[in-house]
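Each structure below appears as structure tokens.
In what follows, chain A forms one complex with chain B and a second complex with chain C.
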Partner chain A sequence: MATIAAAVASACLLILLFSKDFVGSLYLFFIAPLTNFYYLGNLVATMVPLIVAGLGVAFAFESRNFNLGGEGQIYAGALAATLVALLLPESPALGVQLLSCAAAAVAGGLIGAFSGMLKRRLGVDELISSFLASSLIVLFVDYLVTGPFQDPSSNFQTTRAIAPAAAFARIFLPSSLSSGIFVALLLSLAGKAVMDRTRFGFELKLCGANREFAQYAGIDSGSYTLVPMALSGALHGLAGSLMIFGSYYKVMRGFSSGIGWSAIAVSLIAKNNPLALIPAAAFYAYLDSGAKSVMMGSDLSSEIVAIVQAVIFLFITASRLPFARVFASRKGGSE
Partner chain B sequence: MKSIVLKNIDKFFPSSGTWANRKASLRLSAGEIHAVVGENGAGKTTLVRILAGLEKPDSGSLLIDALPVSFKSPAEAMKRGIGMVHQHFLTIPGFSAGENIVFGAEPRAGGFFVGRRGSERAAAAAMRRFGFSIDPAKAAESLTVGERQQVEILKLLYRDCEVLILDEPTSVLTEQEIQSLFSILRRLREEGRTIVIITHKVKEVKEIADVVSVMREGATVGSFKTSEVSEFALSAAMMGQTAFKEHRPRARALPGLEPVLELEAVSLRSGHRGAARLENISLALGAGEICGVCAISGNGLLELEDLLAGMLKPSSGTLRFLRAPYPKLRSAPWKSRGIGYVPSDRMRRGSCAGKTVAENFIALDRSTFFPKGILDAEAAKTASADAILEFSIKAKPWSFVDELSGGSVQKMILARELSDPPPRLCVLCEPTWGLDAASTEFAYDRILALREKGSAILLLSSDLDEIITLAERIIVLHGGRVVGAMANDRNITREGLGALMLGLGAARATARAIGGSND
Partner chain C sequence: MNWLGAAGMLSGNAIAAMTPLVFAAMGGLFTELAGMLNIALEGLILVGAFFAIVAASVTHSLLAGFIAGSLAAMTLAWVYGAATIRLKANIFVTGLAANIFASGLTVVLSNQWFGTKGVIALKAPELTRPFAGALGGIPFLGQVLFSHDIIAYLSWLCVLATWILIHNTSAGIRMRATGANPEAVAASGFKPDAYRLLAIVLSGLFCGMAGASLSLPLAAYVPNMSAGRGWIALVAIYLGARKPGRIALACFVFALAESYSNYAQGLLRIPSEFMLAIPYAATLIALVAGSMAERARRGNR
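The block that comes next holds the complex of A and B.
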């Protein structure tokens, strides 16, 4: 609680320093996002990819693999989903959605598996390789979006949009929230069950906690480099496809815009606990929507808003959220 | 500085519950090479770490030229000219040899660092002065082990150290490197510097040291002029003459039984350069037999453990289990309770800190506790609770392993590996290392009970008392070779075994070597 108070206090101080209308800015930052369904809907919509990609980060982290390639995996997943959906314009919505999401998961999963394979076979650091591979993928998808798959009828750098019938149902119009949120919540629950109740999750966490012990227990620790990286990539890809079907309907250039990095932050706050990802993502989305609203509504420049956001976030990550700690101690978390 | 005296040093480590030093003393004079010898865990390293300011003693005094001092940090010891070369070198990769030497005490010009070139020039000057010949521009990672050690020594000389402490300096060196190290040490002695060298190699003590202090169980048990003490007297002082515990093994000849474990001319080489870590090891182990393998650390015990754990493959030779090729770790023959394995490193390999006792307990038998891949939490809890009861472990199924004492962790491992039905083969590595008397007794009872049930037991241990107490047959390793194989009868003495472990009297041992399990 003290941390949150300190975080909010320092955020207020910054706003006090830089804004002429202190109270107004404060209202816009902290209260406005919660005042109507439009803001609230957008807030929850932002949570969707954060939860799903955060789950991907958590699976990699729990096995002590570091997937920093989220950006590229989300972007590639989004493109794969869009392309599949564009190929099947007349098919039933559910079929299109399933196929597209599968394609997205495969695209992201292959990118993640590539880094996992490099680590397993050649001992290449997956942290570096996933980051570099992602940087490359981002440029490649940029090219595809603005080149071969560019929407000829648009002045923007974007692909064509998927058929409206194939999209997820919208909630709280005109906000960008869709039924995709339920998919995200379900995935979070499923992730929790896999991690805590299955042999796969147990072995994965053992490999993460103590690789030598895992080997001693006869676990093939090599495959717990490859599989978590692939799974992590697949979940990132899936996050990209959920964004397409839920809110965006097409891939613009620079589509992932930092979601991959934010997902890492969210997973850190949640201490890799799949259920704790939900409040962690909500908190992150709340800060994000507060930042947007204050940027549009007040005299604060976007840089100052970003700093305020970062200060709050720094405080919180430094101490871990209280709920994350509760979850962590319950499941037994020493580092 | 004329003399340094450490007097009545006590040091207790609460985490392991052991007295590392108990009334330990050391008396150093300027211009001498002083060896500190003793078995593993005798407290040598702790004592010199106190001298180097790396540890603080619980009680006792440190006198430099008869004036009491106390060091709060290695930096303070360094100010008084006392520095230490660690067993694991601290050279920084990415830096050149020269930069490593001056690191932390870089030459400056007008308050600024002089950079790589300047550092290397200063290092080169120091090398000329002390007669070293390493290229100061050479990258640290391309130095040989011997050169890296010289860099470490130069680091201390560059800082005007008068007392140089070397922890096991020869353990990683080749014969030629040892000779060049010794000539460096002799030269430093000529200059009036004091060298403290920790070792358990008695031959080297005779070769290089002027004075030798012997430590046992945390205390200094004697200090001798090396010219006046024999190698055998030294090793007897190191090993002590403790009385054996009562349950001495009965010789149980089980003739005609097929061997459970066979090693045939097993060798292990490290890397492509091929330094031998194990050479030509052969042994056969039958049901109901305890065979002890003892060695001082660094002489092949760990390598043998890794081979039997299936974590390393032999470079040549074969291992067989029940006449079949030795199974892969935790493969089907392991799982059907064929092999029980208690690792020597119980905190890293044997258990997983940060997980609960139940999680540790079910980790080895996942197919039982995860039927169809889903956790059977009830079964896991019951099984671990039963083990806790049976082995009287002070823990709950949901206690975290890092909250348990060393003894409890070891009991948990024993419970997991040795519970009924008894494994055909038990590989026990340092099974009672660091345990208190009661836990040790408990473990011994378990091990002897297993033998009664017909398990073949290979006991790898550096604890001579343990080997003599439990084993019917003893194999001694030195330098990765079998230097002695004998029945454990009345002729076995601690001193004799100790001499073999130290690589002395190999000829005598071969004369007495007995191959099989029968007397």
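The block that comes next holds the complex of A and C.
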């Protein structure tokens, strides 16, 4: 709560500092996003990748592996999904969606597994290797999107769009909200069940809390580096494919544009709890839509939301560590 | 062009490109020695670059720009360090915060002050090249060693200063002790946290200089002009076995790769994305190779 208060306070302060029309910008930031269904629908649509990628972050962080490669994994997943969908133009929508999402999960998962494997075999810090691998992937996908897979009929730096029939149903026109939100909500429920009700989830959290203890308990802690990193990458890739089928229909250059970082913020706010990802993503999407509305309606640039995000990151672990949930529950604290 | 001329041009460019890396790596060395992984180098460089060029153009003084860039990065480093150490926050998350803050703040301010989110070209005086006149005419060596601006020579001095600071001053020795054995430092009556914070603020100072050495010679600020240098600096520290001289050498190798890629791009017409990828690829390969060598060395014992 303290972090959310700090985030709201810093947003107010930034508007006070940089806007000539304080009250007007304040209204645009905090109230306008809630005043009509178009904005509200877009706000909920923004939650979709944040929840799914946030779940990916949660699985990595909860096992104490830092996946900093979300940006590249989302971008690669989006491209993989788009390419599969473009290859199967006349197939039934459900088949295309399943195959594309699977391809996206594999693409993201392989990138995550790469860092997990390096950590397990060579002890290479996964935090640095995932960031570097992701930076490479982003540049490579940039090249593919503007080179070999560029839509020849478009002046924009984008791939061709998938067949409209293959996309998810829009459920809240004219906003970009699609049935993808249900996939995200279901995944968050499933993530909660896996984390709290399965042996995998238990051992994963144990490895996160105390790797040496887990080793003594007979758990192969090395595979709890590889598997969570791969799962984390796969969920990021999936988030990318949901964006394609839900709202965007094609990959443009710079597609992921910070969603990977935002997902880390969301997961930290939710303290890696899969169910808490939903309100955390809603809060984050609210800040994001506020920033967009301020950018369109006033003299401020939307990057103020990056500063608010930074404030969240600065304080979120100060009051409580990202892994504190495990420690707290052990002491019989809040669960 | 004959091969000597080409080699002279490549290594001369590499030595120029090495300057920001050297500053940043020396800054990161302090935090590394104090036992912390400082991923905020990238953001600190960016803030330094932005404020250096803004201050230089307002005051028409390069020195003022250089100092302003350093102070701005130190301030951000202090906030980042205080949150990490005083509030006991996770250093990786606060480092991320510093990086995101830096890229957000520079865009917001650039939009606010200059009405653009793109490149800001400002009028700043030209940097002096102290040895170019007298010694620049020497074949090969003139180009490689004596053609550089004053900030480049300052970065060489920085390597020396860092070496003296960590080996011959009590603060430097206690800082290293904090990384090696914080309990022992505390038992001797010193505060490990104070030396951790000092290391972070020093890394801010040096990264600010790194940023100034990017924007001042160009007389412009380009969004995200740090372009991964903070990360490369981290790997240079690692490859240089945390010794200032060897780190500078590692920086030179990375800079040579950069200057070669710029040269090759002109010749081979390779897509720019591949050129931009070279620092990240080189860093990743160096990281993996370094870990493999480490494993082999341990295995032989």
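Here, the second predicted complex is superposed on the first by the 282 of 335 C-alpha atoms of A that agree within 3 Å, B and C clash if a C-alpha of one lies under 4 Å from a C-alpha of the other, contacts with A are read in each partner's own complex, and residues count from 1 in each chain.
We take it that a residue touches a chain if its C-beta (ideal position, glycine included) is under 8 Å from a C-beta of that chain, and two chains touch if they have at least 3 such contacts.
What you see is a predicted model, and the numbers here were worked out from it, not measured in a lab.
By the touch criterion defined above, A:197 reaches chain B but does not reach chain C. One of chain B and chain C touches more residues of chain A, and that partner is C. In the superposition on chain A, A:147 makes contact with chain C only, while chain B stays out of contact range.
Within the superposed three-chain model, A:65 lies out of touch with both chain B and chain C [touch as defined at top].
When the shared chain is aligned, chain C comes close enough to touch A:261, but chain B does not.
When the two structures are aligned on the shared chain, A:303 is found in touch with chain C, with no touch to chain B. In the superposed model, A:178 lies in contact with neither chain B nor chain C. Remark: chain B residues 309, 311, 329-331, 334-335, 341, 343, 345, 348-356, 359, 362-364, 366, 370, 373-375, 377, 400, 402 touch chain A in the complex. Interface of chain A with chain C (complex): residues 14, 18, 66, 118, 122-125, 127-129, 131-133, 135-136, 139-140, 142-143, 147, 261, 264, 268, 300-301, 303-307, 309-319, 321-322.
Across the interface of their complex, chain B is touched by residues 196-200, 202-203, 206, 209-210, 212-218, 332-335 of chain A. On chain C, the positions that touch chain A within their shared complex are 37, 39, 79-80, 83, 87-90, 92-94, 96-98, 100-101, 103-105, 107-108, 111-112, 117, 228, 231, 234-235, 271, 273-274, 276-277, 280-281, 283-284, 287-288, 291-292, 294-295.
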